[in-house]
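Look for chain A in each of the two complexes below; its partner is chain B in the first and chain C in the second.
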Partner chain A sequence: MRAVRISFFHMLRFVRKDMMLLAAGILPFLIGIIMRLGIPYIEKLLMSAIGVASVLKPYYSLFDIFYAAITPVMLCFIAAMVMLEEHDDHIDRYLFVTELGRSGYFISRIAIPAVASFVVTMVVLPIFCISSLSAFEVFSLALGGTLQAIIISMLVVALSSNKLEGMALTKLSSLLMLGAVVPYVMPRPYGYLLAFMPSFWTGLQITEKQPLFFPAAVAVSGVWILILKRKLEVKIR
Partner chain B sequence: MIQVKNLTFSYTGKPFIQNMNFEVKKGEIFGFLGPSGAGKSTLQKILLGMLPGYEGSATVGGAECKKHDSDFYQSIGVDFEYSTMYEKLSARENLEFFSSLYKRKARSIDDLLVSVGLENDAEKRVSDYSKGMKSRLNFIKALIHDPELLFLDEPTSGLDPTNSRLMKDVILEEKKKGKTILLTTHNMQDATELCDRVAFIVGGQIYALDTPHNLIMSKGAAKITYSWTDVSEQTATCELDAVSKDERLKRLIAENRLQSIHSSEPTLNDIFIEITGRTLV
Partner chain C sequence: MRFKNLLAWDMRFQARYGFYLLYGFLTIFYMAVLFALPASVKSAVAAMLIFSDPAAMGLFFMGAIVLLEKSQRVTSFIAITPTKAFEYVCSKVLSLNAIALVVAAVLSVASGTKSIALALIGTFLAGAVFTLFGVIVATKTSSLNQFLLLTIPVEIFGFVPAILQLFGLTGAYGSIYPANACMEMVSGSGISLPGLLLTLILIGFLTYTACRCVEKMWQEQGGVKI
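So, the complex of A and B:
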């Protein structure tokens, strides 16, 4: 555990030297402020301009789902970029032959950032959310978002060969978050075509107010993580 | 220190390392020589516990490589052929980080930098280092936790003769301290100079294993080339073990007419080609 702790804190020090990664770390807080203040303000403007009771309000929970996903994704993205840089510089292979080892490396670069992302999301979501979320909904959105962030960071590290590709792939793989929109806009039988996206189940959970869809989101995420774990092990050995 | 028995490994189902057997004694410099793709790196990865899916036995310091605990790496230092440094950090920051990963007392960073002539570049970012400087820095990183066993992969690759000499001297210093060193190289001169024993590896198999001297002497016949003036300069050669039968040489010696005489042994490279039928590149 000692080496894991050192490796994790080293990553934080390393991030401090990279302005892009530092900015990515601050972004969830900025997005939170903009969402909390901006969306209700835009809603007011739209209501007075169009003259209807609500325009964006029915989708406030969707904004919250996205926010609960973006926060951990941005934080795990930082760790993924560090992993890609370490892979480019062959440092990961060297770390495998230190006390840190292969499993310690993945714990310090994927598991701990994910736990930290979950904690941060649990803290910021109730502060910046614009719909009324129950405690369980905050928990499930934070956990679902974190699992999604793990998937995206593993996808990025497993499939891209450098940081530039990694950034492009992050944008592309962030489309996974769009599954949450489907229950809001698509009739049910067709929506199930996107059941392979964990965010689809999160969207269902919130629109249907049905907590039983949460285990489905976790299970689908679990399958993604297992598949990507194998890919990652093949890439980094 | 290292024991390998009936070691077989495959990436794809087709054996890549085949029934390999050898042992490395404590305090020995043992060289793996072979062309690219011969299995040297795979063997190194197995010994480092990075490829646990092998058959047979491979033990390092008494621990089976595929079942090692986290302390396994406390006594192992690895110098990969490529740089394994954070390019954005300085040499000192890199060495401080890597030494902090070990429980063992770290060696003095300044002393290590001095030993390879990098004392004036400690605060420079690694991205500003030349290839040779990176190679030297990479090497001392393997020594930072004062390990008993060193895996060195082409440690003198890309170095100028002066720095190559410097590195070889440090390696020999480590041997004097009782360190066991596994050296992987294409460089026959390095192997001959540094290694107590070498193994020729081709196609995942060991073709020969002995001291460089014994390999050279057992396979190659040393020759003598001599010259003399007879109207114009003449040269002739004879086998070292047939000198007494060379009447002309005996006569030239008796008449003090030799202009030059020198012996030439085959190099380890010649022996490698003779035994394996392959070149080292």
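So, the complex of A and C:
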């Protein structure tokens, strides 16, 4: 545990040097403020420009889903970028043979940032959400977003062999977040084609106001994480 | 000949690391999104997609490209060849813009943009601006996180006014701003001559700055001045 703690603080020192730690602390609040003030303002402008009763209002809950997803993704993404740097500089393989080990390394780089990002999301989401979310919905959006962030981090690290492939995969894997849009725009039987995306179930939970879709989101995320864990084990063997 | 080789090498490099595959997949995905949308918003969404992704890909990927080249000592080898910084920068801009233009052409056709030629000119100019910014920032950074952080202001000043312009929220003089002028062209809705002129001046200035930054990077390989 001591080695994991040291490894985590080492990563924090590394990102602090790049000012990324400061950015990671500020950005969730900055995005929250922009969303909270900006979206209703743009809605007003659009309403007067187009002359309809509402343009963005029916999608306010979708903005909240994205906010709950972006906050943990941003924090886990920073850790994933550190892992890519360490892989390119061959530091990770030296760390694997220390007391830290492989599992300790991944706990310090994926699990701890994920827990931290869950806590941050639980704090900022109720403050900056623009739709009315219940306490359970805040919890489920924060947990769903965190699991998605773990999946994106694991995808990037497990499938890329250097930072360039990592960036390409980051771009591709961030599309996973767009599953939440599907229940808002696509008719139901076709929407289920994207049921492999955890965010699809999160979107369904919010649009249908049905908490039973939350376990589905967790189960789909669990399958992704299990598959990626195996991939990761094969990669670092 | 030297420039042609450099360009071919850059394109091979991008193909090897999955850029073509990635943008092939993204193009199909974006087309699916466009087909699912009502015709009234198709061209605005297509313009937003083109401007924020293929046109801005240099800003997103340049950090990883230059940092990977640095870690593989490629820049050290280029530094001792007769290659000029201008050729290196142009090769990066043209190779990434080649992908951006193909994606932009497909999305413009799929969305029924009024003028595809105008959309492609806009994509090329926006792509050049973003890639040159990417080169400048990448030569100054030592890690991906640092690069991503430093590109945030460029993204804010590049994307926000352009999206406001697309929805007609920037007023009469909005299209003078280079990002807005490019967005106007990408959406195929028109061309602002003062905006185009300012964009070309900006590209000239950024090219000069990027070349200076690349020369400086080549002179400081491995922490010592060559």
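Some points to look at:
FYI, the second predicted complex is superposed on the first by the 228 of 237 C-alpha atoms of A that agree within 3 Å, B and C clash if a C-alpha of one lies under 4 Å from a C-alpha of the other, contacts with A are read in each partner's own complex, and residues count from 1 in each chain.
To be clear about the criterion, a contact is a pair of C-beta atoms (placed from the backbone, for glycine too) under 8 Å apart; a residue touches a chain by one contact, two chains touch by 3 or more.
Just so we're clear, the structure is a prediction, and the values are computed from it rather than from any experiment.
In the superposition on chain A, A:78 contacts chain C only, with no contact to chain B. Of the two partner chains, chain B and chain C are each touched by A:18.
In the superposition on chain A, A:175 makes contact with chain C only, not with chain B. In the overlay built on the shared chain, the residue A:166 is in contact with chain C alone; chain B does not reach it.
When both complexes are overlaid on chain A, the residue A:46 reaches chain C alone and has no touch with chain B. Looking at the shared chain after the overlay, A:33 reaches neither chain B nor chain C. Once chain A of one complex is fitted onto chain A of the other, the partner contacts of A:89 extend to both chain B and chain C.
Residues common to the contacts of chain A with chain B and with chain C across the two structures: 18, 89. By the touch rule above, chain B contacts chain A in their complex via residues 48-51, 70-71, 73-74, 76, 78, 80, 82-89, 97-98, 100-103. By the touch criterion stated above, chain A contacts chain C in their complex at residues 15, 18-20, 23, 45-46, 49, 78, 81-82, 84-85, 88-89, 162-168, 171-172, 175, 185-186.
Taken together, the chain A residues at the contact with chain B in this complex read 2-3, 6-7, 10, 14, 17-18, 86, 89-91, 93-102, 104, 237.
Put simply, chain C touches chain A in their complex at residues 17-19, 22, 25-26, 29, 36, 60-61, 63-65, 67-68, 71, 143-146, 148-149, 152, 167-169.
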